[in-house]
């Protein structure tokens, strides 16, 4: 019988480093894809000003998609709730915004950037508050019962979506309502052959602000941590003395408020709103959220920009393929990273 | 009178879960600044007692007093805010959060650091090694260490621990015993469920034995340890035989 | 007692796995013979469970190989290895929680007999399966709870079922990962006696991870010690346990530890 | 007396709810007008049975069967959606009863998929396309088209191209985009690239159904920098609000309540304002035409027998809010006037007004014959 | 067969009675109920039972959430539709169409099965949602073949149409014509397909599927090749859905995106399975019945209710027949509230097994 003995290594000591150079981080790698995509499209497009027009418009469209998707991603990433009702809050947001803007018609039409902005801002804020409050009820009555069960979440929020849409019919009627942009945001800015829709500028500013704000909240506060922990093991977080209930409600309300803001943005972009606006945009929202990694804000942002850019490039180069471009992107990304561009959690079992 | 010396007192506590009557009148005391051991066979309701105290399961009858104040019926977070810490049987690790995030959640202050953290890391050096790792990837024993570390990162008045030694290597168990001793020296009251009789004997001051959802014995650990007949009557085997 | 000239039942050669920068199992080479019970000990996080995972195919190795009766298993799946005769009882109980205790066992027996891809015959006609399951229930002392959903068993009952599922597979190599963790004084012996009887039958190759020294002393023919993923020592129980390095790494200063 | 039953089978609920309501209101007004308010014809009361297809062709089909077989209606009217209509066509043939299609537009309803029991008071896609071609097709005009990439869009543009032949106008670019497109930057860029170096009048013709608002989005790309103008067909009032930025835009529409000049339309506008507080809309006129056609056919044949009705209706001319219509004998499509308009904006009117430039009478439009019964 | 039924039928006597009543009700519809609508509802009910049960095979037995199940239904229906649109309708053509439809379905299912193994369940659910929506757009773009949004209307073999008279006299007041033949072709085919699924679920294979749903990891560790089982289950479920699509195409004599491919259909099926009870198979019968009756008759009932309520402003608006979808939405919510395990799951566990000891 042989007995081998080898020297002991201490178990303690320095933390084991995981490879952490920036180019190894999944979010950095994903972020590089955006300029890469744009550069790839340049020679294909040929014409520089056309390329620039498409690129700027695509980025701005991406920002708008981000605004609409962020709430969905937030709620899923933090609370693990798949909220199909998100579409309902997009619709409701658009309708609340529409109602407020209709009351502020004179401010909307007047030739003053500040009054225009004020009208828009009031409409957006009102819509966010209204949807936030409604979502409080939505959470209490529907979502609360189905934490932790995706299938039931899908069903019950889908029911909520249908009911909300029908209530829009009851209160606003089934017509297509025109929702025109404030005067200052109609038309485009022009430099030579390049044009850039003014309204998209607004989307860019809002999208960036929103992104920065969300990142700040999660990097600098413990909120995100607590909620993620609460999803995994709610009893345990309560055992540390936190009110998980309230945290969840707050996040849900925030997510719906973001949906409402997205709804107002989208309503004004399309200039027509209908009760099923939210439902029709939901597939795109889903795709962006999945590409981004279901739950990661950075991923969602990058994915939104890529979807915006890609659909413009493909629409220009090969319109026939525009239909499959986003789904193609989805497939390619998932083959590369089955968890999406920026996996929401890098651990788990 | 007893309120003066008793940190926690349970009186005829009943708990029902999913229609099962699990606790059927549990009555015992947890003396202040001592270690109380809750022993018993598998499935007699030890964990259920802990959960009921924490407010994770509502009691259907009876009363639970902490420092003389009733806490039955309070939500878990309220119980926690009164200075009760809990290490559950299944450890309750947040698998997708890193080790440091797991600890950060448990600590009240914004940052992590200070003497207490150093003390904990000295106790469980593995935690330092895997500081930035998702806790789900830790080994079974490492998870147990993290669960205990989390419960004691903030000083607490009453610590509830459910089977801390489960799955730990002997060397770590030894460290654990030291750790619980020093916690006791800091005047923390401890209520502990254990299957490791050696550890129970070394740590315990007070002893409670359960069977079938009821308390069948309460007394001092020293007396019990000296009475092998009583041990095999209550636990099915004498404590010596298990070493 | 181990003669290295014949082919061992199970062998690992330079088996390694890395997670990020961390080497969890580091070039472990070991041979296991039929009819022996090898205890694997080591501090928490030493890589015992990971070593099992590499052998049974739950994890792919970054380097090295696993051989079963001399055949390299390479990239074979866990399912394939189970069919080839590597059985496993997990440290964290893995059951089919909403199925009955008997169904849990039936599934394993059915797997062993290779009956899964039958679409047409009613499953309740598999008399042979039922008979085997009855015997198993007796062995793990769960006969009275056969129709209860597995999730409703107490912790001890679930651990016994976990072991029972491995027995049902009747594999050549049996790996137990802390089978008695969390079991009370009166329940643990049921499982330990079961392991002892298998060992005494002398047909199986048993690997056992345990922290309880008394258990190891009474059951093991041989101990291997893992520390930080490397093989620290390998030999007869008394000999290994007396090594100072092992005592320091594993048992703690007082040597005996608080077992 | 037994009532004469008419079924209105249409997509009452679902995304086209607004159209459905207009169509039904129009139908009821049409019946009322044609019977002089008595709601009786041939001495028997008219009973209208409503059935909701929920925009599901399968439902539509089974409801129509129910109407013919169980309710024993004399004829049926509807539906809104072309898909539902196409599914319903064979049922009419099977039961040997008339289905008057209103307002579904697919050409093939009175074309290859139709049968001799199918009549249509509504316009078909070709009529829309041809009318627009007549309105904007002048010599020297260079046109790019934007349409959805599916049957409706492609067929419409084909009809439009055919109708432009000989007018001197020329299509220089056809752009098709997926039905659910909502960012039109790429399409706009391609269209502008194709048009910008052309001489003469440059027009983008939009042939579009449903949401997406391509015109507003292309407008935001400043087409005026290349002197590009837009043209499109008409729409319902709430959609006309979106036409406000396009003052001066021309096109041809099926109906706008100020365009027709006849007594029936005056009655309709007056009654509608009176009862609903709003002027009649795009689909109201069609619904009314269907109601009038049904009553006229019954009156003139004096019988509820299907064959008699078909005989009467083939080639029948009847007055509607859109002036005189005629069921073409070959394919049972009602030929009708369309209206060439130019957009103007007026204070106090919520929507942009498609001011009448000229009525395009039915003789002027050469609508391809769909089938020969 | 009887043994399979005995092993799987819900234990609760009332549920069994209800199931029996539904089956008899469907079979004797021509005699029990008047009118074409009842016949149509019964035929579509049987088809949807097959579709929902095949979805349950996937969802309830393997735990895979897919929104693309209607795709297979659509492939079956379109295979028949395209065949009958291009060739003279006959049973030979039908057979070729069925084989072709199954081929395409199985290929698609196989590819999707491979994807499902690579990504997490919830990702898969949402990917299938995207795929399903792309499929409808694809159908509209390939309008030369599929008829686009408008769908295809076609003739079916003459023996299945009302024009074909089998007997000149009525049998107990019912006309025996091709339509009745078609009805029974649909109903009996559905029953046979359903019984085949019952057998599969009661087989050792069915048992493994349950194990996969419970603990995939464990199933692998005892030697089941989970990949092969999942894929087989996906393929089986796709095949049954395809056959249901074939029956739909035969019954409707029209195939279009709204009636066989739309997301609405998918959601209806999902709801049927959930209302009835996932993983019970028989739940499909109850769920499909509830939903089909609601779709066919709810509007009428609401109209009556509105007449009763009359002038109450908001309430009567909510009761308006046009708002029936609202009540359907509430049905979704109620089903999750009150029957999280479905009707069958709620009122009865699985049938008692033979005692083991």
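To keep things simple, chains are lettered A, B, C, D and E as they appear, and every chain counts its residues starting from 1.
The working rule: a residue touches a chain if its C-beta (ideal position, glycine included) is under 8 Å from a C-beta of that chain, and two chains touch if they have at least 3 such contacts.
Keep in mind that what you see is a predicted model, and the values were worked out from it rather than measured.
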item: Set of chains whose contacts include both chain C and chain A; value: B, E
item: Chain located farthest away, centre of chain C as origin (C-alpha); value: D
item: Identity of the chain that, by mean CA position, is farthest from chain E; value: B
item: Separation of chain B from chain D, taking each centre as the mean of its C-alpha atoms, in whole Å; value: 77
item: Centre-to-centre distance between chain D and chain A (centres being mean Cα positions), rounded to whole Å; value: 39
item: Whole-Å gap between the CA centroids of chain B and chain E; value: 53
item: Averaged-CA centre spacing for the pair chain B and chain A, given as whole angstrom; value: 43
item: For chain C, residues contacting two or more additional chains; value: 20, 22, 43, 45, 249
item: Per-residue overlap in chain B, given as positions that touch at least 2 other chains; value: 126, 130, 133, 137
item: Where chain D touches two or more other chains, by residue; value: 17, 149, 178, 180
item: In the complex, chain C residues that touch chain E; value: 56, 58, 77-80, 82-83, 88, 90, 94-100, 102-103, 106-108, 110-112, 115-126, 130, 133-134, 137, 143-144, 146-147, 165, 168-169
item: Complex contact set, residues of chain E against chain A; value: 59, 65, 115, 118-123, 125-127, 129-131, 133-134, 137-138, 141, 267, 270-271, 274, 278, 314, 317-318, 322-323, 325-326, 328-333, 335-337, 340
item: In the complex, chain D residues that touch chain A; value: 15, 17-18, 21, 149, 175-178, 180-183, 185-187, 189-190, 193, 211-213, 216-217, 219-222, 225, 236, 238-239, 241-242, 244-245, 351
item: Chain C-facing residues of chain E, complex; value: 3-4, 7, 199-200, 202-208, 210-211, 214-215, 217-226, 229, 232, 353-357
item: Footprint of chain E on chain A - complex, ascending; value: 82, 142, 145-146, 150-152, 154-156, 158-163, 165-167, 169-170, 283, 286-287, 289-290, 294, 323-324, 327, 330, 334-335, 338-340
